[in-house]
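Shared between the two complexes below is subunit A, which has subunit B as its partner in the first and subunit C in the second.
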Partner chain A sequence: MRALIGPKENQASQVYYRTLWWTDVQRPSLKMYGRRATDLIRGLDRAAENSIPPYNGETVRAVCEEIKDIFEANQQDTGRLQSQADTSSHQNILHSIHFRHIAMERNKRCLVAYHYNRAERLRSIRWNLGGIIPREIRSTLSEKEVEWFNSYNTELTNYMMELDGLNLTVHQRPPKEHFIHVRVLLDYGDYETEDGETIHLKKYTRHVLPRTECEHLIRQGVLEHVHV
Partner chain B sequence: MILDNPKDLSQNFYSYLLNKSRSNREHRVLILCATDVDAVCAVKILLHLFNCDYILYSLTICSNFTDCIKAVKPVRETVRSIVMINCGAAEDVYGRLKANKDARYFILDSRLPVHLHNLYSGKAVRVLRKVDASEIPAFDSVFSQEEDEPPKKRARTDSSVNGDDDDTMSQSSEMSGSSQVENIRERREKERKKAEWEVNRKIIESNYYKNVSYEDSSAMKMFELAHLISKDDHNLFFWAIIGLCDMFVQRKISSSEFVKKSIALQGHVIRLTHNVDVENRQAFRITYGQDLALRFYRQWTIFDSMCSTPYTASIFRTWETKGHQKLHELLADMGFPLSQCKQTFSAMDYEIKENMVEWFKEQAAQWNLPDLISSGTFLASYGFNQKFQINDIALGLHACLTLSDTSSPEENVHEALEILSKEDFKRIEYALRLGRDQLSIFRNIVQSAFEERLFVGMNTYLQVCLDNISSTGNKFTGRPEALIPLALFLQQTYVVRARGNKVSKVPFVLVAELQPPSDDPDNDWVYFVGLPGHDNINSGVTNFMGRAFREAAGRVKIDIEQWSFDEYTIRTRKKNKITFLDALILIFSLPSSGAV
Partner chain C sequence: MDGNDLETQPEDLNTSNTSETTTMQLLAELKDIWRNERFAPELLPHHVDLVDCLLEQVRVMEGNVGKARGKEPYRCHVHKMELNRIRFMLSNYLRCRLEKLELFTTHYRQLSAEQQEHFLSPAELTFLNNFADKTDELLTNSVAPYLPTGMPVLDAWKKNPARPKLDSFVFVQPKEVLEGVILDAGTQDGREEEIVTLEEGGQYLLRYSSVREHVMANRVLLM
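Coming up: the complex of A and B.
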C-alpha cells in the first residue's frame, strides 16, 4: 500500500496518528481522519495487478466531504485565533489546526494516488489491448476516466500519425529494426500493407517490409527472412 | 542523362533516392538485377547501402528484357524509381517498360553501346556510367526535329485557303499560284533532305550499335559510390573486386585493362587492410600480388588444375597421353615431386608452397609459357585459413548461377547472394567446389569435342556444334547461361596453340542443343553463342556477333530470340538450325559484312 501512496510518512504524522487514536477513544462518534482514504488505497492494492476494480465513487465522495469538514473546522479555529485576545490557549488551537491540515493533506494525497494509479492501469490497457476498452472494464470506470481514456487515445493516435503512421503500441521495447528483408517463396499476388501500399509478391523477389506485416506471412510460408 | 563522375552519382542517384524515401515513406525502389556475377555483387553493395539508410526496395531478378517488362508490369502505376543493374542499357527502357510518367530509371550497366533513347530522354532515364561523348551521335543526326512538321502543315493549309479564295480574287490567285509553286518546291527540297538525313541516320546508328563491349564493372561503380558517401568497408570492397574479376575471367575486359584497374585499386587495398589485426583468427584480408594463373589450384591439386586451366590444357593438350607426359616433364624439370603435385594444395609441403611461384616463374621463361604467372591477382584470406584467389571465387559464383538442379535461374541468384554473406567462408568454399566441378565437366566436354573433331574451322569463323550436352554435364550444363563460359573455354583451348595464326583472329560460334530431342515445343531450341576472335579479346576489342546473327536471320527470314541481355546470345527453333548456319556462313564470307 505504501508503494501506491509514496514514501512520505514522516514522524510528525505518526505522532498525530496516535493523537487521532486518542481522540477516537475519547469521542467514539467521531470517525478517524484518513481511514476512508486509506480504505480507497487498500481496495486498489488488493485488486490483482493491472486489473481495475470498480470505481469507488461513494468513498471518494466521503473523503471529499471529510476534507471539506476539516477545512471548515480549520477555518473556524483560525477565526477563533484571530478573535481571542488570550494567547495562552493559542498553542492548543495551533496544534489542532496543524493536525487537521496534515490529515487533509493526507486525504488529498490518497485521492490523487488512487486516481493516478487507476489512470496508469488504464494506460497500460491502451497499450496492451488497443484503443477500444472491453465492455467489462468499461463498466468499472468512472465517467471522467472514460473521458480521459478517450482523450489519451486521440493524443496517442495523433502522435503516431506524426511519425508517418508508425504503430508504437506493437513493441514493448523499440525493435532493433523496424523493417526486415524477406524473400518471396511462392506467387502470392498483390498484398496490401496497413499503410495502404500495395506490394506485388512474386516468387523469387526480395522486399523490405515492416516486421509486423510479415510475421504472419512468414508463418504461412509465403516469405522467408533473409539477411543482408 | 549521363551521370559519369562519382559526385553526380551520389547527388543525382543516391541522394535522390534517399530524399525521395525520406519525404515519402511509401517510396519503394524497384531493383531489376541481371543474372551475372557482377550484377549480383553490385546488388549486394547497393542493398547494404539501402539497408544503412532505410530505403525500401523490391528486388526482382531478370534473365532477359522480357523478364524486366514482366517485373514492371504489375507495379507500373505505383513505381517511382527503377534501378536496373547490368540490364537495360541496350534497350529503350522508357519506351518499353512503360511505367508511369513520374518514374525515374537508373541504368547501371557495364555494356556499351547505350541505347540512344536512354541517352537523350532527359531526366527520366539516368545512365550511371562513363560514356565517351565523342562516340555518341549528335542529337540532330539521329532524331528528327518535331519543328519540321508544323510549318509544313501550315504551308499546306495556307495553300488550301488560298485555293478556296481563287474563284473570288483573281489577283491574289496569281500571287498564290506562284507561292504554291514555291511551296511545292520547298516541300520537295525538304523531303529530299529528309530522305538524305534518314539514310545518314541509318548509317550512323548501325555504326553506333555495331559492337558490344564492356567497361567498368557495375560492382566497382557501386563501391565508388559507397566510398564517396563514406559507407565502404572491406566486405563491400571484396564484393566489388569479385565483380571486377568476373569481368576479367569472363573476358569482358582485356587483361591490360584489368591490370590498369587493379593498380588503381591499390589505395583501397592499403586503406582497408592496414589496420587488420594479423593475430586475429577472424581477420579478413585482401592482398594483391603475383600468383599462378591456374584455376582453383588452391582447392585442388596442382596437376588437376594444370589439366583443366584452359591455357595449360591447350598448350600441353592434356586430353592426350602425350600431353600428360609433357606436363610430367615440366613438373619434373621444376623439381616438383609427383606425390606433391598430385596432393591437395592445402596438404602440400610448406616449403614447396612457399617457393612454388618462383619455380613456376623460372620454368615459364624456359618453356615459353608467358601466361602461366599472372602479374597481379587479388587474394582473399580469412584468419589463418588458406587463401582464395578472387578470380576463382568469381568463377565459382558463375558456376553457382548456372546450376540447373535448382528450380530457376532466379533461385541461383538468391543462392549467390547468400554465398556472399558477410565473412562466411564456408559458403565461399562451397562456391569454389562448384566452380571446380564445373571446370572438370567443361574439360571433359572439350576433350570429347577434340576427339570427335567437332571444331569446324571455316575460313572466316570457327564453329563447334554440341548436341544434347545436358546429358554429359549433369547439373552444370543444363542451362544456357553455362554456354558462355563453355564457349570461352572451347575457344581458348583451340586457339591458344595457334596464337598468331589466322584462326586465333576469327570469331567463334558455339551451337548447342541443351535438351535431348523431344516433341515438346518448349524445349525445341538451339542456342548460339558468338565470341569475337580470341586475340581480339585480349586487346580489348568488341563483340559484333550480335549484328552478324541478326543480319543472317534477316537474310533467310527466320525468327531468332535473344535469351540473355547480351545480343550475341541467341536461340532459334531446331528446324531452322541448318538454314541459319548456312546463312551465317554466307554472311561471314561476304567481304562487306565487316566481320573479319
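Coming up: the complex of A and C.
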C-alpha cells in the first residue's frame, strides 16, 4: 500500500528529507501525500498572530510538484484503464485514482488557504500602518503579494474617495475624550496638526493632543497613549 | 463671526436641513442601523442616502466649528467631540460592511444583480468586484505557473465559498409587535416548527434566520 501512497522520489523530496538530520529512519508518515502542504499551513499558523512569516516559495513549489506528479500518475492510470481489456484490475486502479484525486484536491486547498490567509494579514497592515509596506515586511512578501497589496490600497482609497474622503482607518476606537496624553517613543521630528500648528515630537517628551490627530501615530508606534 | 453664531450651533444639530427629517432623527436611525449591522451575521441592505446626508451635515458643522475657533475654545471642543462621535459611528458602520464583504467576497459576487443592488451601494459593488478579481488573481497566479497547464485552482473554492452563518443566535428587541415569527424552520434534527408572537420591547434570544426579514425591514433591534 505504501508504494501506492508514496510520491515519486524526486529531487525536491530528497532535499526535504535530508534536512531532517535528527532522524536516521525515514518515518513512513513523512512519505504521505499532503505532508508538505500541511507544513505550509502549519508554518503560517505557528507564526505570531498577524505577523507575516517569509514567503515559503520553496514549499509552495514542492506542493505544486506533488500535484503535478499525482496528475501525471492519474493520467497514466486512466490510460491503462482504457487500454486494458481485462476488467478484473479496474476496481483497484479506480480506487487509487480516486485516492490520488482527493490528495490533489487537498493540496490545492492548502495552497489557496496559505495564500489567502497571508493576504488577510497583509490587509491588516493596510489598516494599521497605512498604504506603504515597511521595508522589513516587504522582504517577506512574494512579488504577487506586493502587487495585491498595492491594488488593495488603490481600491480602498477609491472607495473612501467615493465617501467624500471619509478616512475609514481613523476612528477605529470609540472616542471617549477629545484630548489624550501621549508620550513620544522615538525622534519623529516636526508634525503639523490639523489647525496648522507645528509641534516638535522629540523622544521622551509628553504632549496633550486631540485623539483623532495622533491615532495613526499611536498605531505606527511613534506615540504611546499614557493613562493619567 | 460673533457670539451669536456660536449660540446657533447647538441647533445645527437639531434643525432640519432640507427635508422634514432632522439631523437628530437621522442620527437615531444611523444608530439603529449601525447596531443591527454590527450584530447581524450577514450584510444588511445599504443606506447610502442616509450616509451621504450625514456626511454632508458633518462637513457643514465642522466648517461652523472651524470658523468659530478661538472665540470659545471650550465649546468648540465639546462640539468637535460630538462630531468625532458621529464620525466614529459612520466609519465603524462602513468598515463593518467592508469587513463582511471581504470575508464573504465570493458569496456576494455570486448573488444576482438585483440582490447585489439591494444589499450593496454602488461604491461597495465596485470595491467588491475589484477586490474579488485581484484576490482571485493572487491566489491563482501564485501557483498556476508550477501546476500542469490549464488546471483550475479555485474550482472548489468557488463552488463552496464562505457564507454568512444565518443560523447563529442573536439577541433581539422588537420595535413593534411581531406576529407569526416561525422558530426552527427547516432545522434538520426533527424538531417541530413553532409560531410565536414577539412583544414590543421584549428581549429574545433567537436564530438570526427566524427574524431575518424583520431585521432587514428595521423592525427589530439586535443587541
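Everything below uses one rule, namely that the second predicted complex is superposed on the first by the 139 of 228 C-alpha atoms of A that agree within 3 Å, B and C clash if a C-alpha of one lies under 4 Å from a C-alpha of the other, contacts with A are read in each partner's own complex, and residues count from 1 in each chain.
FYI, a residue touches a chain if its C-beta (ideal position, glycine included) is under 8 Å from a C-beta of that chain, and two chains touch if they have at least 3 such contacts.
Note that the structure is a prediction, hence the values are computed from the model and not measured.
When the two complexes are overlaid on their common chain A, residue A:Val228 makes contact with subunit B while staying clear of subunit C. By the document's definition of touching, of the two partners only subunit C reaches A:Trp148; subunit B does not. When the two complexes are overlaid on their common chain A, residue A:Arg183 makes contact with subunit B while staying clear of subunit C.
Residue by residue along subunit A, subunit B and subunit C are tallied for touches, and C comes out ahead. Of the two partner chains placed by superposition, only subunit C is touched by A:Arg109; subunit B is not. In the superposition on chain A, contact is made by A:Asp195 with both subunit B and subunit C. Shared-chain residue A:His207: touches subunit B; no touch with subunit C. Of the two partner chains placed by the overlay, subunit B and subunit C both lie in contact with A:Asp164. Residues 164, 178-179, 195 of subunit A touch subunit B in one complex and subunit C in the other. Against subunit C, in their complex, subunit A makes its touches with residues 60-61, 64-65, 67-68, 71-72, 105, 108-109, 111-112, 115-116, 119, 123, 142, 144-145, 147-148, 151-152, 155-156, 158-159, 162-164, 166-168, 170-175, 177-179, 195, 210-212. Subunit B meets subunit A in the complex at residues 25-26, 28, 47-48, 50-51, 54, 56-61, 71, 74-75, 78, 408, 410-411, 413-414, 417-418, 421.
Taken in their complex, subunit C has these residues touching subunit A: 51-52, 55-56, 59, 69, 77, 80-81, 84-85, 87-88, 90-92, 94-95, 98, 102, 123-124, 126-127, 130-131, 134-135, 137-139, 141-143, 146-148, 151, 153-154, 156-157. Across the complex, subunit A meets subunit B through its residues 164-165, 178-179, 181, 183, 190, 195-200, 202-208, 226-228.
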